[in-house]
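Some structures are shown below for you to check.
Heads up, the next two complexes both have chain A, just with different partners, chain B and then chain C.
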Partner chain A sequence: MAANLVNILMGGVFHAAILFLVAAGLQVVFGVQRIFNLACGSFYALGAYVGVSAVQAFTAAGGPPALFILPLALAGLLVGVVGVVVERGLLSFVYDRDETFQLLLTFALVLMLEDVVRLTWGTAPYSTSALYLTYGQVNLLGATVPVYNLIVIGASLAIALGIGWLLARTAFGRIIRAAADNREMAEALGVDMRWVYAKVFTLGTALGTLGGALVIPATAAMSEMGIELIVEAFAVVVIGGLGSMRGAFVGALVVGVFRAVAIAVYPELEMLMIYLIVIAVLVLRPRGLFGRVAV
Partner chain B sequence: METSRREFLKGVGVAAAGSAVGFPAVVSAQARKGVPSGPVKIGVMPIRAGVAAPVGAAGQRGVEWWAERVNKAGGILGRKVELVFEEESNPKDTLERFRKLALQAKVDVIVGGISTAVGLALGPAAEELKMLWLSWDGTTQKGVEETMPNPTYAFRSVDNEVEAIGGALLTAKYFKGVKTIAGINNDYSYGHDCWETYQAVLKRYTPGVKSVLELFPKLGVTDFTSHIAAIQQAKPDLLMTSFWSGDTTILMKQAAAVGLFKTMKACFTTGGGVHDSLKKEFTPEGLILGYNSMYFNHAGASPLLKQFVREYKAKYGEYPPYECDHGYFTVESYKAGVEKAYKAAGEWPSKEQVAKALEGIEVESLSGKRSWRADHVQMCNFFQGITTHKNAFDFVTIDPVEVLPTAKIMKPTTSTKLLDWINATFPLKG
Partner chain C sequence: MLGVAAAAVLALPLAAPVYHVLLMLPFMAYAVILLGLNLLFGYTGLVSFGHALFMGIGAYTGAVLTTHFGVRSLELILLTAAALGALVAAPVGALCVRYVKIYFSMLTLAFGMLFYTFLLKFYRLTGGDEGIRVLRPSLLGFDLEALAKIDYLAGPYYYYSLGVLALAALVMWRIVHSAFGLCLRSIRDNPAKAEALGISIARYRWYAFVISAVYAAAGGALLGPPTGNVDPTLAYWTHSGNIVFMTLLGGFASFFGPVLGAFVFIFLQDTVMSVVPYWRLVFGALLAFLVIFAPGGLMGLFAGRRPGEVSRV
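Coming up: the complex of A and B.
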């Protein structure tokens, strides 16, 4: 009984850990730039593919399999620099335009990045083979839990704390919050918004690419993996509240765990469950659990 | 398995080169009476995007390999073969491209179609446009019921549920003690039909067998940790799945991470679609694994299959999956159909004459003999067996290999009611 409970909870929390990283990227960008970045799922996919390539290069160069997580995480973070390119090269032109243009532009990115992935890595599932099993398993109350899952959950938690610290305790965090609250005032006080936007978007991108890289040993990269995840990431954002980091954290846990429970108790509800929660939140608390009243 | 841009362009290049050499072929073609001089145009419709893209690539490679060989040997009745590619995607767009091939490119025959949703759209279009269509893997079934009982121009793949029947037969044979089963199948027609059919056949052998869990994740899901937790909770004796794409590999890996198959048997009816990604590190021995209609490592492989496997490995760095042979068979049977009809007519046959000639025709395909039944349904052998690590690869293969002919594991006509037939046929005698 206890073992089953642990299995279900660990499944849910593992799913939530990845979901949080993607949703956090979505939130930080929306919070500051007011851009709803549809391409966050594509960054996730990009991180996954680059992660696999990095790990393959690492093992081909004779790197010890036990250390594969280092090149994996590093690649996931580094590929986040496409954020600067996308922000400066594309998004910076549409900040003053209607929101529809911004949505269209990020949607165009979704399509383009999917093709970039397909042309670069092909269409077949792409994976790190059996490295997932390198770290073995531990026994938790009679349940077998892959250690790698625990590493991902731990990493996601650390990143959540790190972002919380960054936003609350650093000068850059204060600027971000100021810019999110009142862009004109922040600019009037001498903040160079172009830099803030570039940094924030890169941070958002890197969260997504890191999420993709971290999940990949446990699964396999497929060109449409981002689209699958983005639907759930939207649910997370709606439940947690648009623009809220705490909302992303709690929302991801809610979606991950409720999905796992639904699959175990009444599998027909797997997808419906998430939408039922979304509907409930929209009816009872339209701004989400941690969302602020629109300004 | 990958279709790189270069290779894709090469495919286009082959088509272009084909049309370029079409003119010189005038000279050689005039040798035959009543045969037009230009090239034979074959429309090919592989899926290029999404989960089924590797399947589409495999079908295309099978066709390209065939075209290269046939052109080297002088073409069909002296006419060179030219491949014209159009992508298979959703039913609506694919239908438009199908019409474009028929009306604009004026091809002689169209091969391809993997999704049955697409097949349901192409079947009627083939009849309406009077265009020969030889499907690779798609059928014109809605669920397990046929929608086109008497086609003239449409030729379709084997019944969708055939692999599940084969899987159930092997389950009854190799896993005798199984009392409780769980199923994880994709949430669309193929997944549901396979699961229902598998249970129906297994019940003919083990009447008391009970389903304790049914999971239907949608196609494209990449995380099954929660599904596996549910399977662990349900504790079945056996897990059945008809997964055929990358999700097979993911399920296998995530199951291995928690030791799932240490406590239960498993039947992967169609997992051979991604066979070379099922690495030994995470794929245990002793599971049932189905390779659909071609098994690359078959001990009884023909010289043709051996050559194909060798050249495929050299060119793409991997071992060919089954869809290659669906592709190869459609074009090889078309060639045989044309030649047969030519003998009777004394001139290049019309599409109607080729269609008639195709009914009941048998050809040597990669996997062995394959044929079109008189009612336009593919007939072939299915290959399933028990996974083993005793091979020279880093992935699993099967031993023993059970060869299951469609004559035995598919209902004899498209109008036969599936359940009645199952109840009347199984358990098989002898």
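Coming up: the complex of A and C.
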């Protein structure tokens, strides 16, 4: 019984760790640029596919299997540079438009990236599952948990702390917070907003692609994984509160664990419960648990 | 212009290849849906990312009535779909219209996905991811089972859909050119002033929401018979996104813009897919181009309006 419970909880927390990365990317972009990026799920899918390819190239070149996580994480981070291209090449044209158009532009990205993935990697699922248990498994209160899951949970926590440190303690973090509070004032004080936006969007993209890369050993990359994840990430940020990092953290835990419990107890209810929570939060407390943006 | 279009559409089944006549069927269904969506988008300034919910309700109404209840009359199906659409839209809309902009879009998206998961998971009722078959409906009391499927669709069903579209357009024309339509536009352009003039903003937005849901449900019911099957992807969020895309493509600032958008979308998609299977790549690029350079859509290009004038909904 206890073992079963630990199994379910650890599965939920692993999923939450991945969800947090994508949701954090969504939050940092919304917080500063006021753009709700529907394409964050597509970045996640892109990171997943590039991650698989990197690991396959690594093992084909004779790299030791125990080190596979290095090319995986590196590829996940590096593919985040598409963020600069997207921000400078597309989004920078619509900052002065109504947010409807910004939303639709990110929807255009969703459409394009889905086919870019199909075009590059085909439609068959891609996986590196053979490497999933490279680091072995540990026994936690009678449940067996893959060590890889614990590594990802640890990495996600470290990134959460890192983002917190970046926002609270560094000069760049102060600029980000200033830009989120009052764009005109920040600009008047001599902040080059174009650079801030490019950096922030790239950071958001890299978080999503890293999340996609890290999830891969535990599952397989599929072309629909992006549009499926976006609705979960969306649930996370609504529950946590748009634009709030703490909200992304708590929201990811709520959605991840809730989903794991629902799948184990009553699979029909899985996402249904999540959407009901989302609607309840939007109706009762539209700023979410930690949001500060007034509607 | 409109007369030429009407004559062409009337004569099409006599002159055009059957393939293109059949492509007109989803176009007419989407045209009905978009006329409703644009009451919300173009005239009231609210962008729904969850209208797949109401299309799904309409399509599944037709499927459930024909397969489980033996109801074959399309008139009855359309009326039931519209009524169910209104029934669901009334409480959903009451909650959604309390918010505007991104929050409205997100709340509608959440409701849409709620319905999608319901369709997917409660397979005893909904057939799960395989969906339900739609049996051939009778039109105006005529049982047309004897006709071959192609003849049924390219003949009676075509003109029936056209009739529904014409009626829907006529009613919508009256709605947007009434005092009610004027109130909606004033709410879109300046909510504070509209309220000061005594217009109840929330109530008018709610009316617009329910009417647009009725249109989406009726149009959704027309989507089923041509394919003979409905499945949950009808209610998926990307489907909601696609109809917003169609509206933008045609031009949300004009009455017939969305109808044109549906037409171009359906036929362009068919053309692109006959060359390469990657229509999303092409259409995504097209949408990005529209958003950046031509937010007024095709109608906006004809009217020669500058992007800045239409880009602030």
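Heads up, the rule we're going with is that the second predicted complex is superposed on the first by the 292 of 295 C-alpha atoms of A that agree within 3 Å, B and C clash if a C-alpha of one lies under 4 Å from a C-alpha of the other, contacts with A are read in each partner's own complex, and residues count from 1 in each chain.
Rule of thumb we're sticking to: contacts are C-beta pairs under 8 Å (C-beta built on N, C-alpha and C of every residue); 3 or more make two chains touch, one makes a residue touch a chain.
Note that this is a predicted model, so its numbers are computed, not measured.
Kindly classify A:Glu270 by the partners it touches after superposition: chain B alone (first), chain C alone (second), both, or neither?
Both: A:Glu270 reaches chain B and chain C.
Mind working out whether A:Gly11 is in touch with chain B, chain C, both or neither, as first, second, both or neither?
In the superposition, A:Gly11 contacts chain B only.
I'd like to know which partner A:Phe172 touches here: chain B for first, chain C for second, both or neither.
A:Phe172 sits against neither chain B nor chain C.
Thinking of the overlay built on chain A, is A:Tyr95 touched by chain B (first), by chain C (second), by both, or by neither?
neither
Could you look at A:Leu119 and tell me whether it touches chain B, chain C, both or neither (first, second, both, neither)?
Both partners, chain B and chain C.
Does chain B (first) or chain C (second) touch A:Leu109, or do both, or does neither?
second
I'd like to know which partner A:Ile279 touches here: chain B for first, chain C for second, both or neither.
second
Touching A:Tyr132, do we find chain B (first), chain C (second), both, or neither?
Only chain B; A:Tyr132 stays clear of chain C.
Under the contact rule defined above, give the chain A residues that sit at the interface with chain B and also at the interface with chain C.
Overlap of chain B and chain C footprints on chain A: residues 114, 118-119, 227, 267-268, 270-271.
Would you pull the chain A residues touching chain C in the complex into a rising list?
Touching chain C from chain A are residues 36, 38, 90, 93-94, 97-101, 103-105, 107-116, 118-119, 227, 231, 234-235, 238, 267-272, 275-276, 278-279, 282-283, 286, 295.
State the interface residues of chain C toward chain A in the complex, per the touch definition above.
For this pair, the touching residues of chain C are 47, 49, 95, 99, 101-103, 105-107, 109-111, 113-114, 117-118, 121-122, 237-238, 241, 244-245, 248, 278-281, 283-288, 291-292, 295, 311-313.
Note which residues of chain A are touching chain B in the complex, please.
3-4, 7-8, 10-12, 14-15, 18, 114, 118-119, 121-125, 127, 129-130, 132-133, 137, 143-146, 148-149, 215, 218-220, 222-225, 227-228, 259-260, 263-264, 267-268, 270-271
Looking at the complex, which residues from chain B come into contact with chain A?
Its residues touching chain A are 1-5, 48-51, 53-54, 56-57, 213-218, 220-223, 225-230, 232-233, 245-246, 249-250, 253-254, 256-259, 274, 277, 279, 281-282.
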